[in-house]
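First the structure, which I've put down as structure tokens, then a few questions once you've had a look.
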Amino acid sequence: MRSPILDYLDGIIAGTDHVDSGALADYIPELAAADPDRVAVALCTVNGTVYASGDTDDRFSIQSMSKPFAYALAIEDRGLEDVLERVGVEPSGEAFNELSLDPETGKPRNPMINAGAIATHALVKRDDAAAVDRILALFSDLAQRPVGIDEALAASELATGDRNLGLAYLLHASDQLGHDPAAAVEGYIRQCSASVTVRDLALMAATLANGGVQPNSGLRLFSRRNTRHVLSVMASCGMYDAAGDWLTSVGIPAKSGVAGGIIGVLPGQVGVAVFSPRLDAHGNSARGVVMMEKLSEDLGLHLMEAGRPARSSLRETRTVAVEGVPATVYVLQGDMVLSSIEALTHELIGNPPPTDLVVFDMSRVDEVLPVARRTSAAMAAKLIDAGHRIILVDPEETVPGFQDSQGRAVERWSVDRFEQGLTSRGSV
Amino acid sequence: MRSPILDYLDGIIAGTDHVDSGALADYIPELAAADPDRVAVALCTVNGTVYASGDTDDRFSIQSMSKPFAYALAIEDRGLEDVLERVGVEPSGEAFNELSLDPETGKPRNPMINAGAIATHALVKRDDAAAVDRILALFSDLAQRPVGIDEALAASELATGDRNLGLAYLLHASDQLGHDPAAAVEGYIRQCSASVTVRDLALMAATLANGGVQPNSGLRLFSRRNTRHVLSVMASCGMYDAAGDWLTSVGIPAKSGVAGGIIGVLPGQVGVAVFSPRLDAHGNSARGVVMMEKLSEDLGLHLMEAGRPARSSLRETRTVAVEGVPATVYVLQGDMVLSSIEALTHELIGNPPPTDLVVFDMSRVDEVLPVARRTSAAMAAKLIDAGHRIILVDPEETVPGFQDSQGRAVERWSVDRFEQGLTSRGSV
Amino acid sequence: MRSPILDYLDGIIAGTDHVDSGALADYIPELAAADPDRVAVALCTVNGTVYASGDTDDRFSIQSMSKPFAYALAIEDRGLEDVLERVGVEPSGEAFNELSLDPETGKPRNPMINAGAIATHALVKRDDAAAVDRILALFSDLAQRPVGIDEALAASELATGDRNLGLAYLLHASDQLGHDPAAAVEGYIRQCSASVTVRDLALMAATLANGGVQPNSGLRLFSRRNTRHVLSVMASCGMYDAAGDWLTSVGIPAKSGVAGGIIGVLPGQVGVAVFSPRLDAHGNSARGVVMMEKLSEDLGLHLMEAGRPARSSLRETRTVAVEGVPATVYVLQGDMVLSSIEALTHELIGNPPPTDLVVFDMSRVDEVLPVARRTSAAMAAKLIDAGHRIILVDPEETVPGFQDSQGRAVERWSVDRFEQGLTSRGSV
Amino acid sequence: MRSPILDYLDGIIAGTDHVDSGALADYIPELAAADPDRVAVALCTVNGTVYASGDTDDRFSIQSMSKPFAYALAIEDRGLEDVLERVGVEPSGEAFNELSLDPETGKPRNPMINAGAIATHALVKRDDAAAVDRILALFSDLAQRPVGIDEALAASELATGDRNLGLAYLLHASDQLGHDPAAAVEGYIRQCSASVTVRDLALMAATLANGGVQPNSGLRLFSRRNTRHVLSVMASCGMYDAAGDWLTSVGIPAKSGVAGGIIGVLPGQVGVAVFSPRLDAHGNSARGVVMMEKLSEDLGLHLMEAGRPARSSLRETRTVAVEGVPATVYVLQGDMVLSSIEALTHELIGNPPPTDLVVFDMSRVDEVLPVARRTSAAMAAKLIDAGHRIILVDPEETVPGFQDSQGRAVERWSVDRFEQGLTSRGSV
């Protein structure tokens, strides 16, 4: 049985068939010779399931979509502070090939424009291997297959790389490039010539959606914090001179490449990738933009879409006998985020537990954010102070242990013990 | 018992006590005379619960924090297209009092800078009442109390409003202000002089977090779509010339005012507001920025924080007898968003139901996004095509009815009928 | 007999008859209703002779051509330093209605753009009369007839003066306008509505060419130094965003007005004025620019035209008897500028006078620049030191008296005494 | 006897001894190691006389002062139109090392900034020799001695030439450099490393002052028209971001170099050069600027200084007998420019010659501008028409021959014939 999600993606392609405006990038023959009618879309969940439709195995060059990943690698290598000293994070308001160097410092405005991407490439460490080889290894880890370079394309781009060379020499002149300019440009162009499919890109984007962990291999490639940083920069600077327009209409961090690809990330949910070689006036894939708009709209991907108003994670409250003692049992479920822990404390304070014994059944809880961990510990302390005895049924230890100055602590019970305690003597 | 969330907010204030840099806005005596040591913080959930600490009932002028709300009202009044023709959505890269008019059209770059806010004010309809009166009524609906104007402040600002007058006349000269310039500035200044507390602001921000519905009154003040648009513009343009920095470090849509307030919104979760009158070089409350950074960090508010990787909403799968017929029951729970419906279809296709009868128990489902509604209908059709009989236990009709060309349809059962069916003859 | 110069000007008009491109200024009905085919040219020498051809008595509004004169008046009133603190002198590289305010200080870039001209207007003193009345009095002194205001035009421009009001309020907001903004704009618009002919304008321009002295009345209206300053600003900022192009191709300080006039000044020689209402894309009279180009080319007006390589002002050297004493007589003529005094000293040092007595006949000398005055005094001192006796025949005392520490001095003879001395005993 | 002009230049040096602000250019060791106290000044008339004081024979690198000369050579090589297609003539309003490329075309704003100077260098033809060799040959022709390159300096600058390389690659990327970027930069840097003295520079500047003819060799190196163009560009773009300030205060076309030299040109009169290595914040020699200001002030060099109000070139009018016939004799002298020919025609028309025979004695006339040639011919025609007989005593044929449709023409007499005619029968 074919997944309805695949059917849906087929529909995305069929439904954008009429979008044939735009023109192939023509600055090098390799790009100009692409088949303009190729089209593909892929989606990868944070669980690593990939759905793809169209020319899903056609390869094309990653181009500027390489930028966020090389940027993430540079931050992993050097630390965020060091990288921020070389490359800013502000939108440039300018087209992709503008210089966008800070007039005071010569620092590139952000890592998504070419100047910033060259500076970023030069920041990737190259102890044992060339930076570009480390970047390719990263791409391979992200896509879970060996990603190689389109050497003919790389050679062509190098031969016409005057603008990038110009940028690199200017960066070097301002001490913003700790690297030989010509070597940095060569490496950067090779990075951009990596040959990928929409499947690869969806997996790469899903890794960003998944907080830096490749969903299938489970390998942490970027720290959660750095991933968040990279996504923020994609959100404000990824779509060149129409950042505000993109954020209002599509509403997800994204990056496009001049070969016709676009990737997008909905944090915590999915990575998406589209491909169609004809470019609009901004240098983004014309049909790709329409596909992304439809995906965002249909799939509810907009970051600002309050489509998931937080519900209480307090599943139910029961008054039962536990091992014969009257107890109030709070059954929690789902993720414990700010809104769920707030709802819980609100309930506990508004309707204090009528029994001395209080059980928190956390066996159905998925993830507990730090705010919830801290707040639940504080709440437990308050209840103990008020004379309650607290039992935590928390098999995955999502909540920290707790002991107050008088040695009073929460008790931790296993699920089994709790269930036996419940049934041993029936409910009160 | 005091809520640990209140304790937490107390801690935010105590923990930023050392931040005494910055200076009072001094362009009018009323602002310069403010007590610089006042400080407050408030948080309001999408359920309407407000937590506040510090000088929570001190009033101060709303200033530029009025901009997103007036912008939302203008969009409600005129429609988004019309408003976009008058005011752009791109970050300006400039300080708050810069002109930031598009050199071609004279159109303000965005509604968060003064020129754009004046143009926005002039777009609010004024059929029966002055625009400013409609805006005050909106503020009152948002804060659930009558919000008034600090008339002394308004008078002072009017007397020193040359820059705003200059902007208004320039807008009028470019036909970007369908309004008398002096009247528009007077109305705009009165809008900015609305007198509010951090409680009010938290409620106002929570309305944006809640998709446009005031959490306590349940009144829909802005459409979901317009709310999303306003939040996007706050994210890219709300913090003036440091949009990229703010988005990477704090990561929530926000807006500050020159009297020392800052509001922030985490869509679907909370609105927050802080207040401290001393301003940094960007014109934002110095201590307020630090409080916002801490709130974002501690409470996990960063938009790009993939802290909630989507979990399956498939609670359990059971094979039972339903009214004596072997059935596979899928118990769903929580929100049905892209990732949850994807997980469900993934399961159904990978492990097709072993029985003809298939029951989807959706009685524990909270919200169903359009993507999930469409996909579940498509999935049901596929199952019917494959010979299955489908029962939906969906008391809130979260999923649409369905009938195929041969008259085959999903059956809808009540919870009662289903539970009786289950128990009538026991499990298989 | 008709002057060949008038014939020449007739030819300028006939020779540009084909230039019918451009369009009338259309922002107010009064300008849009002008007869587009009117055309006139006038030229006024520093002696005050006016030549004019075409619609020489048609009146039109002076518009921006008023700016250099109001600027000169402001400098006379306030002193150059004070004016420079309010208005810069750098080209703006922007079109005439751009803001061109210094981003740091809010100071207008130069007095030839509107913002700078409004600020300049506000700097004109208004002790007894409104600034605009003092400016009209100046125009009347310049044109030697009472210049009035086209009141209907002024009223129309005021009604559509939003941009100027906007600029004025912005200037006021930056403390760059010591004046009520609305009053400054009204005065400025009235200044621009002064009604003039090409004859008037040629006389006005000729006053600048003549170092600030109205050639016919002999009235000094601007100091020589201030005149030079105003001309420099016209040269670099007068023709808006094509300053470099104008300076290379036409090569004279100039200013155009939106009603179709252009004035130009060749320092020391002539003022010219042309008029034709159709404007090019820069807002300059299309046919007027062509006429100015032809005038510059034909009349040798280009500032950088080294058409007058300096010749020796040493007319002849004679050895004669003066009152019976052998003397070397140096007959000087023309202007004594750097190059002429250099030539004289070069001759005196290379070929020292063979007689003790040396006579400088300066009766044919026109003007003596300070450099020549100082250098000739220094040269005389050297000759005295070398044992010569010096007689100056200098009826207009162009050269200062001189006496050295030993009481030795140049002798001053009248022309009569010198001629009698020459003839009394014949040449040696 | 020492020339008072030399004394004056000594005074310029002594009088600026206190100006010791500024710092040596430090981007390469060769410049940083210069003796900061060296100082020199030179002046060269259009007759080729050089006056110099201070360290007049110290050599330093020409740097950016090479730009106007290479620009003039490129225009001679390619024609002005071609060069204007590659390099603009508008002031950039930016510092010397800013990019200043037109955002639309990538064309450098003007030839005085580095990008424009590199593009200019690449435009110099290199058929038989490298461009830089042709430029050195030009410098040698200008300075009348073999000018060589400071090879150590050139090597150092090349090693730190990243910014120039960056600019060159960007130009090449925009097709604005028909040349290999690295070769263009090497040539340009060698051009800048030419080693000169203030004497050399004064001669070079004097060639521009003299309309393109080297004053001593008499060699025409640039056409009069191209020279005028180059001087215009120096006037508006020569002093970087303070063009307006320089034009108002110093008032002559000028160019500075980072080694501490500044040249200035007063068309038709002199070239000047100063040298002092400490640079101000604009990158101009700090003491050099003060010296230039004093030279301009003292020597009356300001372009806008109407110090030479044109006098009548009509020396005298006599009524005499010429070969026995009563004749009116007009004795002309000096240069015949617009103002002088205007004065002559004004006199002839206001006071028509009382005799049939009219003699123009032009034997004392120096130069006749085209305007004067055309106008005098037209005037002669009018007099013939009015029945007069015209004799031209014009030994240098400054005025063209003339014959009307009826065969009537001006007669040309030699000076001898005229003098004999005068004396033959005495005055009437």
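Details
Each chain gets a letter, A, B, C and D, in the order it is written, and its residues are counted from 1.
Following the convention adopted for this analysis, a residue touches a chain if its C-beta (ideal position, glycine included) is under 8 Å from a C-beta of that chain, and two chains touch if they have at least 3 such contacts.
Keep in mind that what you see is a predicted model, and the values were worked out from it rather than measured.
The set of chains in contact with chain B as well as chain C is empty.
Mean C-alpha position of chain B lies 68 Å from that of chain D.
With centres set at the average Cα position, the gap from chain C to chain D is 21 Å.
Multi-chain contact residues of chain A (touching two or more other chains) are absent.
Chain pairs that touch one another, listed by label: A-B, A-D, B-C, C-D. Of all residues in chain C, those touching chain D in their complex are 1-5, 7-8, 45-47, 49, 51, 88-93, 110, 209-211, 224, 227-229, 231-233, 235-237, 241-245, 247-248, 251, 253, 266-270, 298-311, 333-335, 337-339, 342-343, 345-346, 348-349, 352, 366-367, 369-371, 374-375, 378-379, 382, 386.
Residues 98-99, 103, 162-163, 165-173, 181 of chain D are the ones touching chain A in the complex.
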